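Input: one structure, supplied below.
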Amino acid sequence: MPPFLDMSDISAAANLREQYRRVRARSVALAKPLSDEDCCAQSMPDASPIKWHLAHTTWFFETFILEKFESDFSAYHPIFRVLFNSYYNGIGEKYPRAQRGLLTRPSMQLVRDYRKQVDQRIIDLLANGAPKSLSDLITTGLQHEQQHQELMLTDVKHLLSLNPLNPAYMRKPPVRRRESGALRWLSLESGVVHIGHGGSDFCFDNELPQHRQFVESFAIASRLVNNGEYLAFVNAGGYRDPALWLSEGWDWLCREELRHPLYWHREKDCEVAGWDEFTLHGLQALDWQRPVSHISFFEADAYARWAGARLPTESEWEYAAATAIAASDGNAAAEESLHPDASSDDGMSQIFDACWQWTSSSYAAYPGYVAPDGALGEYNGKFMVNQYVLRGASCITPRDHVRVSYRNFFGATARWQFSGIRLAKSLHK
Amino acid sequence: MPPFLDMSDISAAANLREQYRRVRARSVALAKPLSDEDCCAQSMPDASPIKWHLAHTTWFFETFILEKFESDFSAYHPIFRVLFNSYYNGIGEKYPRAQRGLLTRPSMQLVRDYRKQVDQRIIDLLANGAPKSLSDLITTGLQHEQQHQELMLTDVKHLLSLNPLNPAYMRKPPVRRRESGALRWLSLESGVVHIGHGGSDFCFDNELPQHRQFVESFAIASRLVNNGEYLAFVNAGGYRDPALWLSEGWDWLCREELRHPLYWHREKDCEVAGWDEFTLHGLQALDWQRPVSHISFFEADAYARWAGARLPTESEWEYAAATAIAASDGNAAAEESLHPDASSDDGMSQIFDACWQWTSSSYAAYPGYVAPDGALGEYNGKFMVNQYVLRGASCITPRDHVRVSYRNFFGATARWQFSGIRLAKSLHK
Amino acid sequence: MPPFLDMSDISAAANLREQYRRVRARSVALAKPLSDEDCCAQSMPDASPIKWHLAHTTWFFETFILEKFESDFSAYHPIFRVLFNSYYNGIGEKYPRAQRGLLTRPSMQLVRDYRKQVDQRIIDLLANGAPKSLSDLITTGLQHEQQHQELMLTDVKHLLSLNPLNPAYMRKPPVRRRESGALRWLSLESGVVHIGHGGSDFCFDNELPQHRQFVESFAIASRLVNNGEYLAFVNAGGYRDPALWLSEGWDWLCREELRHPLYWHREKDCEVAGWDEFTLHGLQALDWQRPVSHISFFEADAYARWAGARLPTESEWEYAAATAIAASDGNAAAEESLHPDASSDDGMSQIFDACWQWTSSSYAAYPGYVAPDGALGEYNGKFMVNQYVLRGASCITPRDHVRVSYRNFFGATARWQFSGIRLAKSLHK
Amino acid sequence: MPPFLDMSDISAAANLREQYRRVRARSVALAKPLSDEDCCAQSMPDASPIKWHLAHTTWFFETFILEKFESDFSAYHPIFRVLFNSYYNGIGEKYPRAQRGLLTRPSMQLVRDYRKQVDQRIIDLLANGAPKSLSDLITTGLQHEQQHQELMLTDVKHLLSLNPLNPAYMRKPPVRRRESGALRWLSLESGVVHIGHGGSDFCFDNELPQHRQFVESFAIASRLVNNGEYLAFVNAGGYRDPALWLSEGWDWLCREELRHPLYWHREKDCEVAGWDEFTLHGLQALDWQRPVSHISFFEADAYARWAGARLPTESEWEYAAATAIAASDGNAAAEESLHPDASSDDGMSQIFDACWQWTSSSYAAYPGYVAPDGALGEYNGKFMVNQYVLRGASCITPRDHVRVSYRNFFGATARWQFSGIRLAKSLHK
């Protein structure tokens, strides 16, 4: 994890430069298996084209760093300021989000050039050391880029899933090294716990300030709900019983005529046939041992109710995960495949290496939270309404991007992320 | 507040009967100033016709009590089971919510007859005492009826507000007995507090179980934000600056082209002219000393940000209000007018007698919450998503219906309730 | 039919006065079987409340006649100018069409008073004779009122149809005097025909000017398609075969999940059971001999295609009807019931007394058409797009309101009028 | 224009083969100035990606010809049958129209290969002569391809217009050889005229059968309305006066907040500044002499009303154009630019070489019209509702694709075609 380096000497700047090169190169590498056409299309307003991700993350460095630190700053292209502004009202106009797929110009080639030029200018900036004001912003930019790396994969997965040709992003099949063990309940005592990021290394503003929460006693599941367990819910009529669903979720389900998770498929006329699952490795037979993924908050909540349990709050999750991680590192993900593996551990496993885990907590500011000054203050704070927090990380999250205090968040119907279910139970009455 | 009575003797049953008569009669009285036409119309899907409220509250007693306790139960009309079912999937089919204004039949007269017959049958049931299973349900039914009494007034206010004739529900002008004093900040220490209903008297399931929360130190405002203060926000361009708004709120505001609170009016071509406010007493000049009301969560949140403060969490609110109420009763509402009065108290005032107060807390289950069995389990639990909690009560809430642990809740855009703003500030960093 | 009277003498004015009283009284009589609640509700934006019809037709006389002819004109109520303006931009602001059902004020009682006052003022105007400029406007106002009389019945039918209590507007069952005879094809020769109104008596501007059309030889059906024939289409899968439908109609049908005409009903779980039909006489067993009614243009067109025929153009219809009427009067409707009767005639029957008949003609101006000056120019001309012409009249059209040149028009999905199907065939290749 | 050749000998087949090669090659040539990204994107549901056009026109030959005539037919790819089916229910499933831009696979390269293979197979079929059943279908396929060639240009124009970079499809500026002369009114006598295609050469089914229409006397404009004239309408407040618009058009204009033609641009804060126009040659200063283009039916109709004229019916247009063409060929378009030129002719000019011309006629079947058998029967007939006929052709229509009886059609709000205004006036009263 990138520390807030003391950049008083050249060697720290060199480290940051190295890190910059590595993170930035990975974004370009992610686009390798894709054609220019693949990189230009946008499957829904929530998702963005790969090319747009590559340009927007570059825009971030240009707008928030070069414009501030270069004495002779000149924009790569004046229109890019508008085209690749995601949601920063403080920066000015934005190209309409739902039309990002129409930006056939600039070409993918030009965006690659844009990246190269900005990269060179950032490297140049770092040539003579890096004051903290600069290194902090570069670190934020790299963390931001890593967030978009995960989105690049989930967005392109959604795009490819709508294509009847079922194209695979990665040709070789997904690895499965482990078997799914029995789900165990791990109990935790009530008490005052510290929540939020406490150290001096990097975290996002929404993880601050660290503060105290009282947690009543509860139990949490050792692993995520697997496909086999979720299939039992589907087969038991889980998608047809309103008593299991939040009212708004039930209305949504009826309107959208949902009967199963986003990427599950089955031949129409064959109710008994097996299920397939669309993955970044193409269409695969549904593997009951892997964790169920691409589940909305509403589905996670309904499943939990059916299973006689509930979702954890984010305090409970962080308390339990911090306790577990103190005992072992708990995640040993190799990025060899882009689909979550099963787990047979007895302790709290699959914390960071399988799926993000829905909590029952609405995304809100911590007590004492202050948004950063300027346009970067829009990074997190303005989204703190009608979204639910996911904790942990997924099989496609960069390994140096995870933290026990990390807060991811999406609306209750979002399904295109690697989102799964870890159950909890109150021991308090 | 109605206790869970020990109904072992006739006199307790007699008390309940008396209470039943009183609460039920008030609903009918609320419809007195209105014509049958007024009582039939529905101004939006969120609001219901007065006639529908009168029938639905009766349906509640018929369906959840008479059907269970009458040995020779026979429905008043079989179709009423469908027509007046609000949202209970456990009971069966429902007439579409958005079409309630089309139910010109049954007539208002027939609905009055329906009420009379059901009332007589409930009174008969109580003739020979009331076992706890019966008295609990009747108490719930009366609490439910009181909730609808508040909705009757807010729903009809919305309906009348859309009529260019500006009709008044109550002819005489609203009373104002007090002046608006300076807003004072009241500080509270951090610590573990008990949240939720603790006594043996009635409360709704969503106030249970009582449990512990840690609250970091904070300050809370002595009174609600008044119209004068809110007008300063409007005049300062509050509705035109995206930096003040949650992202979803800003999108909503732009889409709906909002520039001021729901019931504020001003002549179009006269930017400098004074403001009027539509009230249940007809159109009135905007009184800067009264609390601002009919404010959405998004507006409350934006105002707070502009004012350098924030909304309280529901734990903070309950902690502060419980502390204040221990010192004084804090509310002396007479139902002489249907519009909130100003406040000049130094302590925490306007807890129950002015406007409901938005909190920053998403509506969620307390740890250990269990929904009741059967269809009544749908009363509260299934709405615990994408809604925000309001605490306190309003100038039109029945005086024996308020509790410090009471949790009201609406979506972030809802504006037709008497909802206002009490500010808070973190003292924790 | 009201002639354009030469109003040089008092007796002509007296006749007009008498006619005025008769037509205006019928509107009030139509509301008799209904409660004030029934008269206030609006079931969809296309339909209006009975009370609104009663007020709007009065507004027409007040705005277009009293305001012009009364030297000391003073409006009944200034807001009524806005509330009861249907669509005349030339008059000024309009209350939103979709919210007419929210106008619980003015009360039904006040609208009755409004009618009485305006009626007296019109009668007073006519006391000393009636110049042509006045009598023409009154005649137009009365024709306008008769159009709304038909809408009052179709609008209230739609409202009552949405009520699960199936209320009847008229208690006694609909009469059927005739049986459905065999459908015969009547051939007409090609040639130049005169289309449009030719006499000096009243007609609407859209029937002018009379002009020539060439009609190729064709055949037209002696009677309308009956319910039995249409049921065969339904049972043959007519609503499931896209080959029978216009593309836009098929999209509409799929979106709305339509399977049968608007007012047909059948028990859900009983595919073999008989059909009922909601009528102004309440729910009735579907009578196969009566003409199918409440059919959209899309349904009429699809049925015709299935039957190996097509809809007539409006020139064909007018040519055939004029020919038939020259031979006999062709319609003997008594307004004893509000549902169309069968026909067993051999000639062209059911011209005016059963259902309006969809033509294949888009509603357009005749060559040389000139819209009237002023706001009344908006009466017809501005609707000449994306609507289809219906010819004839229906069982609820006032008997003195029909003409062979009369052009009714609705959008291709409209189903709440008494609209049916008369088939045609080209003899030209 | 391709005749229905008598294919009894090899040389006729050779001619058809040559024509096939030429038409098919032009489609590929049209994509030349575009990147693969440009060819994949879809700007709105009404428009299709270039790649989709290239594949769909090929699918047409594969599905309607190869499948029928090849004894050992095997599909290029089974999924293509679904992916590139536009709207033929008779063929089976279709990929959702609005998602065509998501088809990043098959790649542009594979579609080029698809074209090559199908082309070879068609050429092979023609090696030994061509029976009429084959040559008729190939001719239809080529006419179909030419229709798509025009759509390729209008669709890509729409796509590029949404890009703030204002990309030009063709770099060099549009040619203007002529000046705009005075608009003259050409009078035509009333009488019976023959309408529809009469010869033995190719035409679409919707141009048949030839039949008689009576046309009252009228006058028609010698040229199309030019940008200067239309700008006068804009400046006179044409887009703000409801009296000029059809009611549905006015609602549309208000909803979409329209103030000028689709591709006109002006700096926001500069009301007096000149106008630019987006063209296939990039952004150009608005040239007042060129015909106004990309006008909806509603705008054409409103302009005509403002100008004291009206749109011609399609009979009037065809009658006038046929008369004019008998005197001169009337169009000498060279495809040197992709934007319409001005006209200074005194006779009826700009018939085929500038913009399609809206008529007042709704798109409907001619008397005696019979749709072809099979899936090709869906080609035209099912669209005959709620669309308006355009006559003539545009500056981008292939020169051998025009006919005086040709009927183009679009909905009343469509603006992305090269559609303009030719005025008419009734001389009949």
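Order of writing sets the labels: A, B, C and D. Residues in every chain begin at 1.
By our rule, a residue touches a chain if its C-beta (ideal position, glycine included) is under 8 Å from a C-beta of that chain, and two chains touch if they have at least 3 such contacts.
Bear in mind the structure is a predicted one, so any value in this text is a computation, not a measurement.
K.L.:
Chains in contact with subunit A and with subunit B: which ones?
P.N.:
The shared contacts of subunit A and subunit B amount to nothing, since no chain touches both.
K.L.:
Hey, which chain ends up farthest from subunit C, C-alpha centres compared?
P.N.:
Most distant chain from subunit C: A.
K.L.:
When the centre of a chain is set as the mean of its C-alpha atoms, what distance in Å lies between subunit B and subunit D?
P.N.:
Distance between chain centres: 59 Å.
K.L.:
Could you please state the distance in Å, as a whole number, between where the Cα atoms of subunit B are centred and where those of subunit C are centred?
P.N.:
Distance between chain centres, rounded to whole Å: 47 Å.
K.L.:
I'd like the Å distance between the centres of subunit C and subunit D, where a centre is the mean of that chain's Cα atoms.
P.N.:
Computed value for the inter-centroid distance: 38 Å.
K.L.:
Would you pick out the residues of subunit B that each touch at least 2 other chains?
P.N.:
Touching at least two other chains: none.
K.L.:
Building nodes from the protein chains and edges from chain pairs that touch, which of line, ring, star, complete or other describes the result?
P.N.:
ring
K.L.:
For each chain, which other chains does it touch, given as pairs?
P.N.:
A-B, A-D, B-C, C-D
K.L.:
In the complex, go through subunit D and note every residue touching subunit A.
P.N.:
The contact residues of subunit D facing subunit A are 35-41, 43, 79, 82-83, 95, 99, 101-108, 159, 162-165, 167.
K.L.:
For the complex, which residues does subunit A have touching subunit B?
P.N.:
Within the complex, subunit A touches subunit B at residues 87, 89-90, 190, 192, 209, 211-214, 216, 218, 242-243, 245-250, 297-298, 301, 310, 313, 360-362, 364-365, 367-369, 377-378, 382-386, 412, 426, 428-429.
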